[in-house]
Amino acid sequence: MIRAIVLGGSRGIVKAISESLKSIGCEVFAASKSDIDTSNMNSVKKFLEIHDQTDVLVLNTGGPVAKEFVNITEDDWKLYHNQLFLGFCKILQNMKINEGGYIFLISSSVIKEPNSKLIISSAYRAAFSEVFKILSKSYAEKNISCINIAPGLINTDRTRELIENIKEYEKSLPMKRLGEPEEIGNFVKSIIQNNIKYLSGVVINFDGANSNYIF
Amino acid sequence: MIRAIVLGGSRGIVKAISESLKSIGCEVFAASKSDIDTSNMNSVKKFLEIHDQTDVLVLNTGGPVAKEFVNITEDDWKLYHNQLFLGFCKILQNMKINEGGYIFLISSSVIKEPNSKLIISSAYRAAFSEVFKILSKSYAEKNISCINIAPGLINTDRTRELIENIKEYEKSLPMKRLGEPEEIGNFVKSIIQNNIKYLSGVVINFDGANSNYIF
Amino acid sequence: MIRAIVLGGSRGIVKAISESLKSIGCEVFAASKSDIDTSNMNSVKKFLEIHDQTDVLVLNTGGPVAKEFVNITEDDWKLYHNQLFLGFCKILQNMKINEGGYIFLISSSVIKEPNSKLIISSAYRAAFSEVFKILSKSYAEKNISCINIAPGLINTDRTRELIENIKEYEKSLPMKRLGEPEEIGNFVKSIIQNNIKYLSGVVINFDGANSNYIF
Amino acid sequence: MIRAIVLGGSRGIVKAISESLKSIGCEVFAASKSDIDTSNMNSVKKFLEIHDQTDVLVLNTGGPVAKEFVNITEDDWKLYHNQLFLGFCKILQNMKINEGGYIFLISSSVIKEPNSKLIISSAYRAAFSEVFKILSKSYAEKNISCINIAPGLINTDRTRELIENIKEYEKSLPMKRLGEPEEIGNFVKSIIQNNIKYLSGVVINFDGANSNYIF
């Protein structure tokens, strides 16, 4: 039985991942914010006392508030530094991923094409992506794969908060639609189901051909 | 019934892709070099007269000879320009990909970390990756996904030609092993099987955490 | 006395480079299309018989016609493969760059953000950038620096051909203006004048903060 | 008279930048750690009360201690988050850069090729590079250029701390030597001296052809 811990598991992308993993018989712990608040180091510590190992870990957290650079306070930076970076580091420092396991990071397409409205997210998600890349090499020795999924605009509550007129916005996208959470859910499921291990240390943009850079 | 055309289909990675697609009920035409030689424009033209449409297309071709830059002749450049670039362009200019279809390009990790021994491959595979990226946006309008898979060292005859002492070499890799063709075969299968469409316009390194760049 | 060969030297960016190098006392051979036509291998060969060594080489060539993918003919591909790729390879295979010298490649910002109108340019300039990157490592052993300058929209005749209403277009740019050829000319001059050698194997976007990718 | 504020100005790369700017008549304030400690928000605040505007700003700070991931404490993360990220954000939020000015960020080649020994540096320097990229677009409207210089191994005290046997190490580098601080100093000087403005929003690797990624 494969055991999975999915952070932020009650909505959107990770809800789809949880459902998808359950459909192939994984035992999924979908941690909600009451189980673990990655912006609070005590909460992270307590969570780790109970959940100290897993086969599959899905790192995810809600996106920060959209704020212009000049309006971001020291407290904002520190809060999201905890939430998007430090909490994840603590988890990887203290949770045992079992041999042959997987770590999925749900980051964002802004790590490669940063966005002025999402400047906090661009910064800290990129920071953690660096850590994740580095660690992929040592995890590889234990046959653990590290996959950084960088979604573009997915059909979630979060996207509906960020974009005012979704219908209009969708017309500007190459596929004329947002991505569906289930597409990412099924993607994650397939990797595990087929025991695909050599896909590791990689950032996978999931944005319906919307980005413009070559690599 | 999903129909797939898989180029260079008799060995290695694409053989695994062909097998994998058959296992989910696709009708696969695994084109061998006698069906189409992408280095020969007449051969490409004849192939296109017979195979003028498909649901799934897998673009793949054997890698060029490993040669130092100074020893590459004008004929070498032209041969591999045809084989790795022009033949593929001609195919995409003339073959209809049916709505909701997929195009997979099997390129190489050298497009992002070019390699002096594989200079021809680095150059032309990068060139075609640019074309493929650009086209992903127009294909998106027809719900066709374009996925560029960039394998690192996979357990194929080709790799055994390039690397002298494989056993020794594997110890230097993060996963202490080459990738298996089946990992890529199953990856391609899963995308189609689950109808994952929003993964498009993306380069997916498949190298077991071996590359060193962040994005 | 530093000797420089500047290809395509009568207009735009490379004219500015030539002027700039002359201003610091370099002996500049500004090769026009009648001296060398990089799309014609015989012309390249003849040029190399006369110009077989230099201290500074500036590789540059006019951009290809803007054509939609479906309309590009086999002859178009082959012409620009010669002009943007093969001619440059032949030059580097046969011209001696003196120890402590420099090679500047004037490519284009489309190599990192490819553009459907400039698909030929995106493809072959990226291909040659791969070759150039690989060679930077062997040139380094002879203290020769390889610098790939990737201009965005610069105030040249070429840009005026590509963009219809320049005045309007400029308003969409972060700096509200095109780049000036002299900015690149002075940049190249400064590198040589100050004997800056450790800048090598690098792609330098020169686009007035217009690109969107992070690295 | 061009006024420049250079952070961490008493040694290594930024000392060379300070000297270089003075040589062209800039009035340079080379801030030492007693003037501003970017790891201490009070120190940053006090500094900004005195130094509230400039023409040229050079953002630089000492690199963090080399520590394996598992050994990095919460205090380490927070200290270097301040030093490498938050202090710089505060400066850019509160210091006026005069129209036509420049901001140089001295980051590190690890932002593109992260390094397990320099994991803290890789993470936070990448994070700030994202902020810097985003801001380059708004600064462009005031004709202020943002240039991110990412040095490889430069001949400084810092490098001598990190690398045990420098002489041996140099043999493994393409140029068989470390970079010299003066190469970067002269580079920065030249940009300002020649009023090159269109070079903005760019990361410039300065590593003697040592990196392996293409872009």
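The first chain written gets the first letter, and so on, giving A, B, C and D; residue counts start at 1 in each chain.
Here is the rule we use: a contact is a pair of C-beta atoms (placed from the backbone, for glycine too) under 8 Å apart; a residue touches a chain by one contact, two chains touch by 3 or more.
Small disclaimer: the values here were computed from a predicted structure and weren't measured.
Ranked by distance of CA centroids from subunit B, the top chain is D. When the C-beta contacts at B-C and at A-B are tallied, the pair with the greater total is A-B. Centroids of subunit A and subunit B (each the mean of its C-alpha atoms) stand 28 Å apart. Centroid to centroid, with C-alpha atoms defining each point, subunit A and subunit C lie 40 Å apart. Shared interface positions of subunit C, defined as residues touching 2 or more other chains, are 111-112, 114, 126, 129-130, 133, 137, 214-215. The part of subunit B that touches subunit C in the complex is made up of residues 41, 69-70, 72, 74, 77-78, 81, 85-86, 89-90, 92-93, 111, 114-116, 119, 122-124, 126-131, 133-135, 137-138, 214-215. If you check the complex, the residues on subunit B that touch subunit D are 111-114, 126, 212-214.
Subunit C meets subunit D in the complex at residues 111-112, 129-130, 133, 136-137, 139-141, 143, 145-146, 152, 154, 174-176, 179-180, 183-184, 186-187, 189-191, 193-194, 196-211, 214-215.
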